[in-house]
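The structure is given below, and queries will be raised subsequently.
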Amino acid sequence: MAPIGSFLALAAILFCIGLYGALTKRNIIIVLLSIELMLNAANLNLIAFSRLGVSANVAGQVFGLFSMTVAAAEVAVGLAILIALYRNRNSTDVRDMNLMKW
Amino acid sequence: MIAYAWLVPAIPLVAYLLLLALGRRVHEGVAAAIGVLATLISLVLSLMIFVDVAQGGGQLPYLWTWLTFGPGPGHTWQAGFEVNSLNALMLVVVSFVSTLVLLFSRGYMHGDPRFGVFYQYLLLFVFSMLGLVISPNFLQLYVFWELVGLCSYLLVGFWYEKPEAAAAAKKSFVVTRLGDVGLLAGIILLYLATGSFDYDDIARAIQTGGLQIHWIGPQGLATLGALLVFLGAAGKSAQFPLHVWLPDAMEGPTPVSALIHAATMVAAGVYLVARSFALFDASPVALDVVAYIGGITAILGAAIGLTQRDIKRVIAYSTISQLGYMMMGLGVAAYSAAVFHLFTHAFFKALLFLAAGSVIHAVDTQDLGRMGGLWRRMPVTASTFLFGALALSGVPPFAGFWSKDEILASTLAAGRPLLFALGMVAAFFTAFYIFRVFFLTFTGRYRGDRVPRESGWVMTLPLVLLALMALGAGWAGAPFTGYALERFLGEPSGASEAGAGPGVMAISTAVSLLGIGLAWLMYGERATSPEAWSRSLWPLYRLSFHKFYFDELYQAVIVRPAFALGKAFDWVDRRIIDGIVRLAAEATLAVASGVRRIQTGQVQTYGLITLLGIVALIAVSWSLLWGVRS
Amino acid sequence: MHVATLWVVLIPFAAGLISWLAPRDSRSLPRAAALLGSLVSAVLVGAMYLGYDRAAGGSQFAFSRPWFTVGDALADMPLTVTFGFGVDGLSLPLLALTAVVGFTAVWASKGIRNRTNEYYGWLMILLAGLYGVFASTDLFLLFFFLELILIPMYFLIGIWGGAERTKAAAKFLIYRGLSSIGIVVAFFGLAYLAGKIGGDMTLDVAALTRQLHGGAAAAQSAPVAGALFLLLLAAILVEEALVPFHTWLPFAHAQAPAPVNMILGGVVVKTGAYLFLRVAAGMMPAMVGRYAVLVAVIGVLNILWAGLIAFVQSDWRRLLAYTTISHMGIFLLAAASMTPAGLQGALFVAVSSGLLTALLFAGVGLIGERAGTVDMAGLGGLSKPMPYVSGLLLAGALGSLGLPGMGQFVGEVLSFSGSFSVFPRLSAFGIAGILLAAVYLLRAMQRTTFGPTPATKEHLRDGTVGEVLPMVLLLIAVIGVGVFPAVIGHTAGAALAALAAGIGG
Amino acid sequence: MNAVSSWFGGFIWTGQTVAFFLLAVLVVLAAVTLLQFRKVMHMALSIGLVFLGMAGMYVLLGADFLAFAQILIYAGAITILMLFAIMLTRHDEVEEEERAGFRQWIAGLGAAALGAVMLWAIRTTAWPPASAQPPWPAQKSVNALAETLFTGYVVPFELVSVLLTVALVGAVILARKEE
């Protein structure tokens, strides 16, 4: 069995890749994808701990399941927002979405 | 009867409340009837009390607790009343003059739209004045002291639509208030020193040496307290240099001038000094101040009165001058002489004012230049005025002669020839200016344009009664009645009295007659032209005519600087204090409007910054914890 | 367990909610609810005033429940906060002031015509907050109500005020908010200091006072206690609008509608006075003693500063603001003396200044409504068309300058009796302020009601009975206090004597 | 290989560990290429690969049910949803060529720093030794999960279903054409 450190390291790398993508990509769809990547990394941690953690427990899987569900909901709502935005602004570029300022 | 002395002020108060309830539109006759009836009852009660006092002497004050604000002695205020020979006399004087003035006003104020209000104010005044007189302690005196000041304010400003009246009302209140602040401070000091406001307690403390506070010795405290009390008295009694309000107060209706600004309220200062004589007696300095201020006031008032053209103002300056006499008397410890003069002055000065009021009512002007020759048209007014003038001049056997001579004799006896000389000169001036008014008003040719008619009985009856008093009131204290009044009053310890000997009497009579004669030459016979006199003595004339420039002086030295200071403070308030506040606000705004540009609305930028923040936080906490771990 | 005190707070609150629920711009229902609410709470206060057992003293009609406990959040000891209400000799006069001014202000609000449901709602919540401040027996609760006041005041000034209303409201909020910081730090710091020594951290007023006068007396003189006191003092200066933290008051007064001005000048400013007596003098008498001269100097400075500035004001509302500031200066001077007379005087000044300020603002509001201006330059000769309003205004002005027969006089005599015994020289300057008051108030009266009536003002209607009723009530109240000072003096006597005794032991 | 094994703290090369390494390399490569692709469509496909790799990881960790859920939800539903989104927007769009700007550098550095910190933390923490047996009965992970989910976590479970419904409705309303 691979030690827990390796899973966590993989998750960390994945998370950082996702983070980089979320912060730099212009297309909002890619940004959403990157966020999914980060969520997956977090999920991997949960499941790794549920199998190999200090007090390994099936509850970790439960949380993984919940977070997956929430992610699904998030994608659904996120994409709906994306469509609505696209309809209004005719663009999927995050730079065009700057209404959230003073 | 003395136990019911509280009824004397209470009845006018009830009458006041009654009129207040009846409202502004009450019928003139009803208002006047209520007023006169109330004061008449007070007069009768006062006389009964007076008789009781004359037979039985003094009584302990009737007291009850007004306010307890702390544990132990000295934390209780008491209210009540007391009757002694001095205030029994004052009760009679006040209620007598009040009754006549209220009767007189029925005719004088006839037709005024606020007739009822006038009677309300007058009754409130009578209540306050009577209350002042029977107050057993300084605090209660101060309460009524302020209330009479309030009534004076309301009555001087009664014709509020006249800007002069409005200004005069304010001035009278503010100037007397200046004295009152001193009085309040003095009362508080005495209270702190003795734990009581009571006159008698304070007098006892002075005698037993119990008068001291930690920061001032007994002698200093007596002087300070006496001077502060005198400040209040000087404000109320229009003593130099606080005399400036009284002539302006003549803007009020004439009955008000007679009642408040001649007979009663302005005498309250003298009454106060007399009542707290024990305090003044403990401080020679304070007595000297009182004497000299009184002397200066007497001569100053008389000198200004020489040249005024307004009939009421002349009499007003005369009042100032006469009050100066009384203060001077008190200052040389001639206690009963001063009170005696207060007593006689109340009658003849009220008479002069009411007679002048009768004239003003008839000719509708106060300018002496527009009167003349009224002797024939208004015989009752003219002859009663003459009685008053003779009494004021000090011609025997009129009232003023006896009382004034006693004061003058006392100054000599006290070894103050300067004061005696001042008093004599003032007496000469007095005789001159009052007969100047008399001749200008009642003799010669009528120079007005309205046909004058003698006033009705409601106005002449008070005049006649007062004229009788102006003639006879002095006999109560004359040598040939054995100084009955003085004996009735009794002498507080420390007072020194000197009956006027024939020498003083002769000199003062001569001086008075000289003044009358000069006035007759100038204005009656026209043997010598007053204009020529005023031209040859023009610097003195200008000084006198412009009232020694006191108003201008105060305007320049006190009023303007105070306003300038107010403006300056206001500027500091708006520009500097508020400016700092606004500067802080503006700076915050400026910083904010700079900083808000960071908010680009780009979510990715926010995320990036957050990321950097997290990294930085980790770095910082790491570097801090580094040592802890290893 | 008495719930009466709780009801005093809850009833205006409930009335406010009812008013909120009324349809927008409906006049009668919100007004009726507010009038009823303020009347019932005022009657309750009156009943408590009469029912207060003076001989027993202390906190009565108390309602106290443990509220919550903070384990060791603030310090190394648990802090228990109680939900406590009660009245004592010190709070009763101020509650009565709130009751009278509150009811009359609601009554005088007839001129408010827009968004009436919200207006009365805010007004009643303000009233509930003020009652709460004076009736709380726990500093946490007191602070809560102190903060609660800010919200309705902000909206009352900001929505129904004059041209610069939003600025005035913001200024008010910022100033008072800053003072809240000082207050909360002082409260908790004091409780912590006392707890450190006394062993138990509490915010209950009675318990904390007991601690600070008993075992934890050393806390009073701890080095940090001085800083806490100065912080509290600064906060109180802001609350009372004293120089140099006063500029919010004239501005707020000049913008707020008249009934709000009545409450603002009459009661809201007086919360600072209450804090001084309750917390500064009650809990840190040693500090008041140490900084007595500073406090007295600030007091005298205020009397003279505000008095001189009032000279040159031509807006009645600004003038009255400075009058209030001057009165609060007398309060501070008297309270700093920490003598029975001085503390009584301070309380009298606080109460009667509140009544008189409300009276004057009611009159000025009425004049403003009729004449369209409250600037003296545009007024004059109002005695003729509006004799009753002018008369009542004059009565208020005279009372305010310390005329005997009204409460302010009793307050001033007591105050100066107290202060002269401790600070004779300062008091000599202070007493000159009485003269200033006479000058500026009478000058204002002269310019407003005396003199010839301009043609434009000839036909102004005098106040109707309903309109002058608040003024008459306030006048009766202040004359009552002036003629029968025992109504306050004997109620508050024991509580204030205890304060004065605190400085010795 | 030795260096790698020592970095992970004593590593026994078994079938599982080999599988882990293969999957890890696959996942990381797919993630990196995801960011390198220019065409949006390609990106969507490569994220599908990442999701599949993650499912493999779950299997390795004994979370069988989650592995299936991962395939169903992520690799299936979400990837398809993304594809739909791409189609609905400008699907021929090409992520424009961009020079490595300041922002990229900063973000890259920041992400790298964060990653370094996390890796360092993972490395220095003393983890418990990996037990050979999962904490649930062997081969019964689904049963164990179901038991926990429907006993201890039944309320959150129901709430999550409500959340999903709400999200569904919300998405419909948001994406609806405005009248």
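Per-chain numbering from 1; labels A, B, C and D assigned in written order.
Following the convention adopted for this analysis, a residue touches a chain if its C-beta (ideal position, glycine included) is under 8 Å from a C-beta of that chain, and two chains touch if they have at least 3 such contacts.
Bear in mind that the values here come from a model prediction, so they are computed numbers and not experimental data.
**Q** In the chain contact graph, what is the shortest path length, in steps, from subunit A to subunit D?
**A** Shortest path length, in steps: 1.
**Q** Just curious, how far off is subunit C from subunit B if you go by their C-alpha centres, in Å?
**A** Each chain's C-alpha centroid was found; their separation is 36 Å.
**Q** Round to the nearest whole Å and give the separation of the Cα centres of subunit A and subunit B.
**A** 92
**Q** Indicate the whole-number Å distance between the mean C-alpha point of subunit B and the mean C-alpha point of subunit D.
**A** Their C-alpha centroids are separated by 98 Å.
**Q** Express in whole angstrom the distance between the two chain centres, defined as the mean CA positions of subunit C and subunit D.
**A** That gives a centre separation of 64 Å.
**Q** Do you know which subunit A residues sit against two or more other chains?
**A** Touching at least two other chains: 19, 23-24.
**Q** Indicate the residues of subunit B shared as contacts by at least two other chains.
**A** 604, 608, 611 - these are the residues of subunit B that touch more than one other chain.
**Q** Touching two or more other chains, which residues of subunit D qualify?
**A** 103, 107, 110-111, 114
**Q** Go ahead and list every pair of chains that touch.
**A** A-B, A-D, B-C, B-D
**Q** Touching residues of subunit C toward subunit B in the complex: what are they?
**A** 171, 174, 243-244, 246-247, 305, 308-313, 339-341, 344, 381, 383-384, 387, 398, 401, 403-405, 409-410, 412-414, 416-417, 420-421, 424, 427-428, 431-432, 434-435, 438-439, 442-443, 445-446, 449-453, 485-486, 489-490, 493, 496-497, 500
**Q** Could you please specify the touching residues of subunit B with respect to subunit C in the complex?
**A** Those in contact with subunit C are residues 24, 65-71, 75, 77, 139, 142-144, 146-147, 150, 153, 157, 160-163, 165-167, 169-170, 173-174, 177-178, 181, 184-185, 188-189, 191-192, 213, 215, 562-563, 565-567, 569-570, 573-574, 577-578, 581, 585.
**Q** Show which residues of subunit B lie in contact with subunit D when the two form their complex.
**A** Checking each residue of subunit B against subunit D gives 604-605, 608, 611-612, 614-615, 618.
**Q** Please give the residue numbers of subunit A that touch subunit D in the complex, ascending.
**A** 1-10, 12-21, 23-27, 29-30, 32-34, 36-37, 40, 43-44, 47-48, 50-54, 56-59, 61-62, 64-66, 68-77, 79-84, 86-87, 92
**Q** Can you list the subunit B residues touching subunit A in their complex?
**A** Residue positions touching the partner: 596, 599-604, 607-608, 611.
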